[in-house]
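First chain written, first letter: the chains are A, B, C and D, and each begins at residue 1.
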Amino acid sequence: MAVDESGRNYTHPVYGYAESLPGADLFLTKADEFLTWGLKNALWVFPMATSCCGIEFMAAACSRFDMDRIGSIARGTPRQCDVMIIAGTITVKMAPRVKKLWDQMPEPKWAIAMGSCAISGDFYRDIYSVVPGVDTFMPVDVYVPGCPPNPDDLLMGMRRLQEKITQVRAGTWVEPELAPDTAGFKRPEIGRLGDPDRDPRTSQDQLDSVLNLGIHGEATRAPQADE
Amino acid sequence: MPTPPMAPSPWLLILVFLGLSALIAFGTIFAAWALRVRAKVDLPTKGLTYECGEEPDGLAWLRFHPRYYVVALVFVLFDVEAAFLFPWALNLEALGSLALIEMGAFLGILTLGWVYALKKGALKWQ
Amino acid sequence: MAVTPSPTPEPATQRVGGLELPVELLRPAWGDPYLDLDDYDAESDVMALNLGPQHPSTHGVLRVKLFMDGEVCVRAVPYLGYLHRGVEKLCEKLSYANVTPIVDKNDYVSPMMNELAINMTFEKLMGCEPPPRAQVIRTIVAELQRVASHLLWVGTFCLDIGGAIGGGASAFMHTFRERELILEIFEELTGCRFHYNHHTVGGQRHDIPAGWDTLVKQTLDHIERRTFEYEDMLTENPVFKARTIGVGVVDPKLAMACGVSGPVLRASGGDHDLRRDAPYAAYDRVDVDVQVRTEGDIYARYLLRLAELRESIRIVRCLIDDIPEGPICALKAVKLPGAVKPKPGFAYTAIESPRGELGTFVVAGPGKRGKGGPNPYRCKIRPPSYHVLSLLPYIAPGENLSDIIAILGSLDPIMGEADR
Amino acid sequence: MIVDHPDTAAWVAERFGWQTADPELGPQVPADQLVALATALRDELDFAYVVYCVAVHYPAEDEIQPKFKEGEEPPPVIPAKPDRCLVTYRVRRLGPGTTTFGFHLWVPTGETCPSLVDVWAGMDWQEREQYDLVGVVFDGHPDLRRIMMSEDWPGHPLRRDYAIDTRHHPWR
């Protein structure tokens, strides 16, 4: 059971039927563009701010760099948000919570990995308690590099996401192939979501771990493969 | 004098008003359902109650202290009062000064109830 | 007529932990952190509520499990570790010069303080003393960082009181606008807005650019004018006063037992400040006027932090004009990470960070042939936020839920520092 | 009665008889006298402020026979040391000229260390953290749970034999 994709090239029931009517598709393309325009200019943000990038996220939301200009407000609950910005280091104890909150967000939803801790775990990635990159357990649409990225980089990331939404809904989005192994970079054995040689059981174990979170907050572990 | 045939009967106006409001109310709900984006995989965690990422522990169906019920009652008192004030205020000049005295009495009685609630300490929680 | 001996007047102050504390501050009754819920006769059922790891008001990833009786909290159990990045284990793997950028990210609201604390301990182990110019730059930079940290606190605290979209957001926008000016000063000095990697073993890494001190003076004049703007907005604001006066009172004896220092202790009457009592860097050249209040509630902490903000501006103004000339680093530029090898030993130094006593205990391990090894054997960072959070189970019971969020905001914990 | 003794180490040496080898570490305290020293420090010398409790893990070392030339007689053999933890405490007396005072004790792995929660409330979380990260068990502690790692985390990360990039299925 693959971990679900964010709201990408979905086939819509109403459109499917309407397109069969003669002449309706001309009207529908305009309607779709109108909906895309409305969707991308009101991207409400769910700030998964765990550490330093959270402070830069606050600086981006404030008066000097003002994220409101591109229509995105930070909201407290996942139920009202479209974009989850993962700002900061995700530890092993926090990862099930992030995955659960990602699942609780209504579609269509997108994810921005802000900061090198969220993208690859930065210099913490070799440590026992840090998840090496958020895209090992959830689909990420835009990566904003930096430690921490300047607020204007984050706003550029949001603009990049808006372009991506437009192209995805217009169907002209080309999925970039994953970066090849750069100079023998030692990648942790848990590959990214898109890696073909990723062990499917890992996604299943990650989902089980989210479903039965322990009451005291411990993530109930699936049996260790190498134990 | 029969209403001129041209002017629509008031009942028709009410029907149109109700129809329009129903259209708007249910129309938006239908649009939200029709244009929604379905996830490829609906995970069980989506339906869980949101508790800051944690597993909700214990029940939410609990017995609460009666002081919160009293606060709700005091709110209803003001809500009803406001509900009556609006139509009265709209056509005050048509009703003349008598309505003013009646509304004064109505507000006086309600204020009495409010003072009584305050004296009984309805809003004092500790 | 037997003259009844007049009862000896109850001593106005009592000596606790080396400080003279007014007696009425020492309140014995506190919430019991290990209260057994079965023997708590609730008028209504007790609800377990998670003020969870992802919550706008928890200043990071702190999870507090609140047992609520209606609106009133009965017991609070904080859970930490959601941002435990194993910094102390990583320090054991790195050389002495490489540790600065790692520790920089602990207290990510005042990064300069982390660097200063750990590099002072390494210098104590090495036995080297930074040159006078580096000492003065360290003091100026630390005080500027304190101004930025308190500005951020005033902003986020108003969010906790008024809500992101509600009334609290206005002060949040104002204070972050001033904080950007301070980030610009640091950008001039070190090149980045955040995580500066400015201190190193034996001194500083970046020297002061030309015209930097005029920029600092202009910015500080500007910020000082703006602080009166916050006072108009908040100090006399009836809603703000209603939400903060008399809420979350902290008893100085409990604060000391929990190892809490800084604004929380000073707002409860504890006249303790490491900058004055145990001066480090160039603080002995400046007389620090320590602000102390005795109410101990959230309003006292707000007033105290605002006064400390102005005090820091005054300190920087005293030092900014006569920065001595000379080198900025005692050791030759620390190019090779392995160049720093202190002899095996133990060392602890502490500085006054905006949240309290931030100390570092470093154990220098033995290297080959009895000389020192290139990396520390154990590197314990003593964060003030960890101790301030241990106050929560004592002061949270008996408060309303919205007041607990205000108390949490007024304690100013930073989770990166508490979880390390 | 609170006595303002300038040199705490001398006071402890004179009162309890433990000498202080390293001023940073302070005197070594036998385990059974730890609580007695702590209460004395708090009540008589007014050390009411907790700074930290740190545990440092030292793995076992076998016997070392230092090299020597044939002529001289062999120098004494350095005895083997068991797997042990150094538990150091540090408390501070506030006020002008504030001073901190540290004391330590050696706890072989497997044995327990007495808890100081009854003396200073702040030691509660310090001891929980050292139990969680280094594995020193403090007996008498009201609620010795893990505070940093999740409840079922295998092993204690800050021990020297714990590999830094240990895997944790299924998240890394």
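Throughout what follows, a residue touches a chain if its C-beta (ideal position, glycine included) is under 8 Å from a C-beta of that chain, and two chains touch if they have at least 3 such contacts.
Fair warning: this is a prediction, and the values are worked out from it, not measured in the lab.
Novice: Which chain pair shares more contacting C-beta pairs: A-D, or B-C?
Specialist: Looking at A-D and B-C side by side, A-D shows more C-beta contacts.
Novice: Taking each chain's centre as the mean of its CA atoms, how far is subunit B from subunit D in angstrom?
Specialist: Distance between chain centres, rounded to whole Å: 64 Å.
Novice: Could you tell me the distance, in whole angstrom, between the mean C-alpha positions of subunit A and subunit D?
Specialist: Taking the mean C-alpha position of each chain, the two centres sit 45 Å apart.
Novice: Taking the mean of the CA coordinates per chain, how far is subunit B from subunit C in Å?
Specialist: It comes to 47 Å between the two C-alpha centres.
Novice: Taking each chain's centre as the mean position of its Cα atoms, how many Å separate subunit A from subunit C?
Specialist: 33
Novice: Provide the list of subunit D residues touching at least two other chains, using ranges where the numbers run on.
Specialist: 149-150, 157, 162, 164
Novice: Taking each residue of subunit A in turn, which ones touch at least two of the other chains?
Specialist: Within subunit A, residues 93, 97-98, 101, 127-130, 214, 216-217 contact more than one other chain.
Novice: Identify all positions of subunit C at which a residue touches two or more other chains, and write them in rising order.
Specialist: Where subunit C meets two or more other chains at a single residue, that happens at 52-55, 63, 79, 81, 84, 86, 89-90.
Novice: For this structure, give each pair of chains that are touching.
Specialist: Applying the touch criterion to every chain pair yields A-B, A-C, A-D, B-C, C-D.
Novice: Could you list, by residue number, the parts of subunit C that touch subunit A in their complex?
Specialist: 52-56, 60-61, 63, 79, 81-86, 89-90, 102, 105, 108-109, 152, 156, 164-165, 172-174, 176-177, 179-180, 183, 193-195, 415-416
Novice: List the residues on subunit A that touch subunit C in their complex, please.
Specialist: 47-52, 54-56, 58-59, 62-64, 73-74, 76, 88-89, 91, 93-94, 97-98, 101, 123-124, 127-130, 147-148, 150, 216-217
Novice: Can you list the residues on subunit C that touch subunit B in the complex?
Specialist: Answer in residue numbers: 43-45, 47-55, 63, 65, 69-72.
Novice: Would you pull the subunit C residues touching subunit D in the complex into a rising list?
Specialist: Interface residues on the subunit C side: 15-19, 33-34, 79-81, 84, 86, 88-90, 93, 253-254, 256-261, 270-272, 274, 277-278, 345-348, 350, 357, 359, 361, 363, 377-378, 380, 382, 386-387, 389-390, 394, 419-420.
Novice: Show me the residue ranges of subunit D that touch subunit C in the complex, using the header's touch definition.
Specialist: Residues of subunit D touching subunit C: 2, 22, 24-25, 46-52, 54, 56, 88, 90, 92-98, 100, 102, 120-122, 124-126, 129, 133, 142-143, 146-150, 157-158, 162, 164.
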